[in-house]
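In what follows, structures are represented as structure tokens.
What follows is a pair of complexes built around chain A, which joins chain B in one and chain C in the other.
Now for the complex of A and B:
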């Protein structure tokens, strides 16, 4: 096993690269959860996004349009989910899990029916790597943070923007109010239903883009069944472990990315830890951190509860 | 000739369960420049009426006329757009938000700039005589301060018609006076005010118009001038109620010590003084009233007695204790929603919550639902809880009826001590009298009653001894016949003599 700077730099770069789907999905989930919806359907949303992006890519041959198509597929799928959860007030967990199973079957079927198995993707380099001049030459972290896909930079920016939005803007105030006290928000004239619908749609957009990144940036434009492999569920956990704070989500996602990267590259550097153990490790870390931090904020007070007006 | 109404509710009918109308053909008109009181027993339908006006519920029949034109309120947003504001009986506050965030959340666009800085909010609150710390997290505030926030929310928003659903239940006399002063200013500025209250003095002193609802029907609606408290009570209940019946003790000297707190101290919090080296004894057969401005140690006192808090120093000793060491006390906590009830479990379970693991309600770990239901039905009838049966949840009951459940359970506790905190909060006059009567009877029958309240009149009527709390200390003790002035001076930290 070698720990020279180059290996570490490469490993870190791979970790950051693999963290982007998690980051995007978690940021989307964050908004749903802050608005009081525990959106378990995240896994399914990512999967639809992953499929949609490959479809878009095959139809247009333009990687950018592929990503966009992934985001839109996520959005469309989220609209269906939100219809059940926000509008019809169905149980969020049951619907979410059902939705994930549906997504798995539906994308598999669609792959067989509409995707071209022998499709040759155009060059994905432009969308995969953008060097930020000068900074990318920093030792060790230069490669990891400044030679990434533009989508990753966008996601980091999004984390910052969401953090500021939640804290300093009226929209943020309203989103938090709907999650912490839907009755109070309603009495203040906020439409809880519309806001939760919007939050879930945003989640769909982000998760769809995350799925698109997974196929187009990280897997060369190929869709395989169940290719999210539980990342959606992990992203839900990331949000909770990060205690609903965007910058912590960024950090946690990179941590998961490390585990992911070690899974693929561990062997190459002579590390022989079984992959499942690796994937588990961030959770163990998070659990320890959580216990050490003690009980503080426990998350949006009304998460998971459907809103019915007129309850005392 | 009175001016044309600003807003009229016309022939409102509403039933939550078919065939049992909660409101039956109710028509009332609110005028600019007037304080309009709405009176009625617990469960009469007052909150439902206001909630319909505010868009929380849709009426089955009837409608809303705003300056003569028909409007429909599908949601609170519609009502707010029509410049209506509401103070809810059960506060609509986000518990994890600060006071400032709650006020900003509810503010319409025109008002928001004036709430941008916390200092502005504090100044505004002061100008209404309802001072508050804008940075305080709402859930950490005592209920009386939460009520202030809820009221401030409506006052700041400058609505043309403001609805207050029992705004003064736990405010102290000074706060109530400040509150009505603001209401008179609002009315004088040509806006309309509606107040639901059970405090008839407030109606006689401050309202110009009063409407009485009894079991969903409008009984009377007219000017207050020339009407006395007794007239309103007759309209509300349908018969006479003696509002000043004596609540006297047996005349015998109090018996054995049931509860004794020796030199207890509890740390202060931002909204409370905590307790500082305070002692108190409670004897069989007496009612001890605790008077004081909220936040001077009452909550800590109650929690010590309930065994929910251990003092930083000093001792709490009760005649009888639970297995886990908590004093055995029948408890009526202040916040019925958070501490008094499990809102989503049936009334029967709530009534017997303190006994549910004992025979005959449970045997060998199995609940005996027949026994639970039978006993609960008995208790419900005895306490006049108005609900269809004991299987519905307290969530759908009116506030006063929820309170009766908490009281019934406390009285049913197998204990020599009863500790009550704001026991008549939200109860109508007849029900309040009934509760006071029952607490007095419990004391006369040999129990010891600790009576903590912000309602000085009640304390003075029922107590054998009144202990005044100020800054976490018992600063004075007077007997039940002391004057208001004497007690009032002690409450604000003045000397007794």
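Now for the complex of A and C:
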């Protein structure tokens, strides 16, 4: 293996670049979980976002509109999911599993019926790289953190904002209250249904944008069936073992981005880990982190529970 | 007695479990409505694709049951989903929300392919039972991990089993791209298994193999275990109310461990059957989400072995029917996944609606 600064810097840059879909999806999931909804359907939401962004790109030829379209597809799909979960109290786990099966089929069908397989994407450079002057010349980490897609900067900003929002604002307090004890929040006059609906819609927006980033920034504007490959499930786990803290989510996402990056660049630095094992490693890491975390509990008390009014 | 979609989850407060348990009444009707609604949506999608729904329906029914070969295919497609459904339902009936049938199935396939390709052919007919049992053991051990982690570290089984699904899938990918790939081959698959290890075909001119019989017999055995053994009574009691079961002095940990051992073994045999009866090799992606399909089958079947057989047959028919749709009317086979995902969405939504209404 060669460890010269340039390869390290390139590898780190790729890891950070590939961490954004996970980061965005996890931040979305964070809000759902804080509001008491364990949204397993995240995988499907990302898939819809990934498809929607390529559709938007093909229709408009503008990468930015592609990303926006991905976010809106995520939002639309999440609204359906939220209708079932927040309004009608469907079982969160069961509906998530069904939704993901449906998403896999629906996006594959739509790809074959709607997308143009021989579409030539316009230059995606503007949306993939924005150099932050001066800082991008820092050794090793300059390229990794200051020569990224504007969407990545936005996601980092979002992590900070969400962290502050949850901790210091009234809205943050209400979200956490609904996740901690929906009955008490309801008694205090908060509409649990509306709040959970909003939280899930936000999750869809973020997951859709994450899926859009995956296709447009990370895959050159091409949609492939099941291209999320379990990232949505992984994001659900990341949120929990990051203990619902946005900055830990950021760190975990970059760590998992490394596994993705090594897949493409491992050969270049003479690393001979077979790609399937690299693909597997985030799931193993998540499992180990999960087990080490142990029985301690700081998270939303009523996560996964349907809210039923009028009970002792 | 039928269990509901929201079978008791360990860690849920009793008040929610009680509310959920009231939904057993009329469960069968809800399931029928869910299927009817999803079929209607499916036909609407076909109409949107420019196909006459009635023509599509007749092509599908013909493709699923129209000939001996079609029926054989339907049963072959039913088999893995029935096995994963049985694996899911025995764990869930014990209150352990096992979403890991996919991973257990993958490991079962690994367990089967090792003896079936590596043991000397001179073992003859012994190869088949050895491979099946090896698949069961691999699956059982894989299923034991989340149970142990839950009891030892309190790790939530939903997340653990989901993670382990992908570990299993990528482990198979690793094996068929590396250690199990025959020298000089460029395909992501293992060597072909010995002839003696193959599951015998049952009907000439069809792909129907002994695995379908194994699956149905497993369902019958599981029914007997659940309803006619002390173990089954304890297991169901633990699922209905863990606290009451503990107060009765039932060994809750042992019940969870054994139900996950059985669950893993069943899914493992399911994976072994795919290798020994369908593919004759270990192939990347041999399971088209059988694990998640199986979960849907188990829940739609009311977490009952008989219900699982009926719903798995429907899923098998959807699979062979959509393949006919693809070859006759060029409709993408992704329709199968849409038709498998929709019923469970409708079921969960209707049951959720009843849960709210019941409290008002």
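Annotations for the structure displayed:
Convention: the second predicted complex is superposed on the first by the 291 of 312 C-alpha atoms of A that agree within 3 Å, B and C clash if a C-alpha of one lies under 4 Å from a C-alpha of the other, contacts with A are read in each partner's own complex, and residues count from 1 in each chain.
By our rule, a residue touches a chain if its C-beta (ideal position, glycine included) is under 8 Å from a C-beta of that chain, and two chains touch if they have at least 3 such contacts.
Every value quoted in this text rests on a predicted model; they were computed, and no experiment measured them.
In the overlay built on the shared chain, the residue A:301 is in contact with chain B alone; chain C does not reach it. Legend: residue contacts after superposition of the two complexes on their common chain; A:274 is shown touching chain C, with no touch to chain B.
Comparing chain C and chain B on the residues of chain A they touch gives the larger count to C. By the document's definition of touching, of the two partners only chain B reaches A:174; chain C does not. Contacts of A:112 after superposition: chain C is touched, whereas chain B is not reached. In the overlay built on the shared chain, the residue A:104 is in contact with chain C alone; chain B does not reach it.
When both complexes are overlaid on chain A, the residue A:94 reaches chain C alone and has no touch with chain B. Once the two complexes are overlaid on the shared chain, A:153 sits clear of chain B and of chain C alike. Once the two complexes are overlaid on the shared chain, A:184 sits against chain B while remaining clear of chain C. Shared contact residues on chain A (touching chain B in one structure, chain C in the other): 309-312.
Chain contact summary for the complex, chain C toward chain A: residues 5-6, 9, 12-13, 15-16, 19, 45, 49, 97, 99, 149, 153-156, 158-160, 162-167, 169-171, 173-174, 177-178, 289, 292-293, 295-296, 299, 332, 334-345, 347-349, 351-353, 355-356, 359-360.
Chain A contributes residues 38, 40, 84-85, 88-91, 93-95, 97-106, 108-109, 112-113, 225, 230, 233-234, 236-237, 240, 274-277, 279-280, 283-284, 286-287, 290-291, 293-295, 304-306, 308-312 to its touches with chain C in the complex.
Residues 170, 173-174, 176-177, 180-181, 183-191, 301, 309-312 of chain A are the ones touching chain B in the complex. Of all residues in chain B, those touching chain A in their complex are 51, 54, 56-57, 75-77, 80-81, 86, 88, 90, 92-97, 101-102, 104-106, 108, 112, 337, 343, 395-396, 399.
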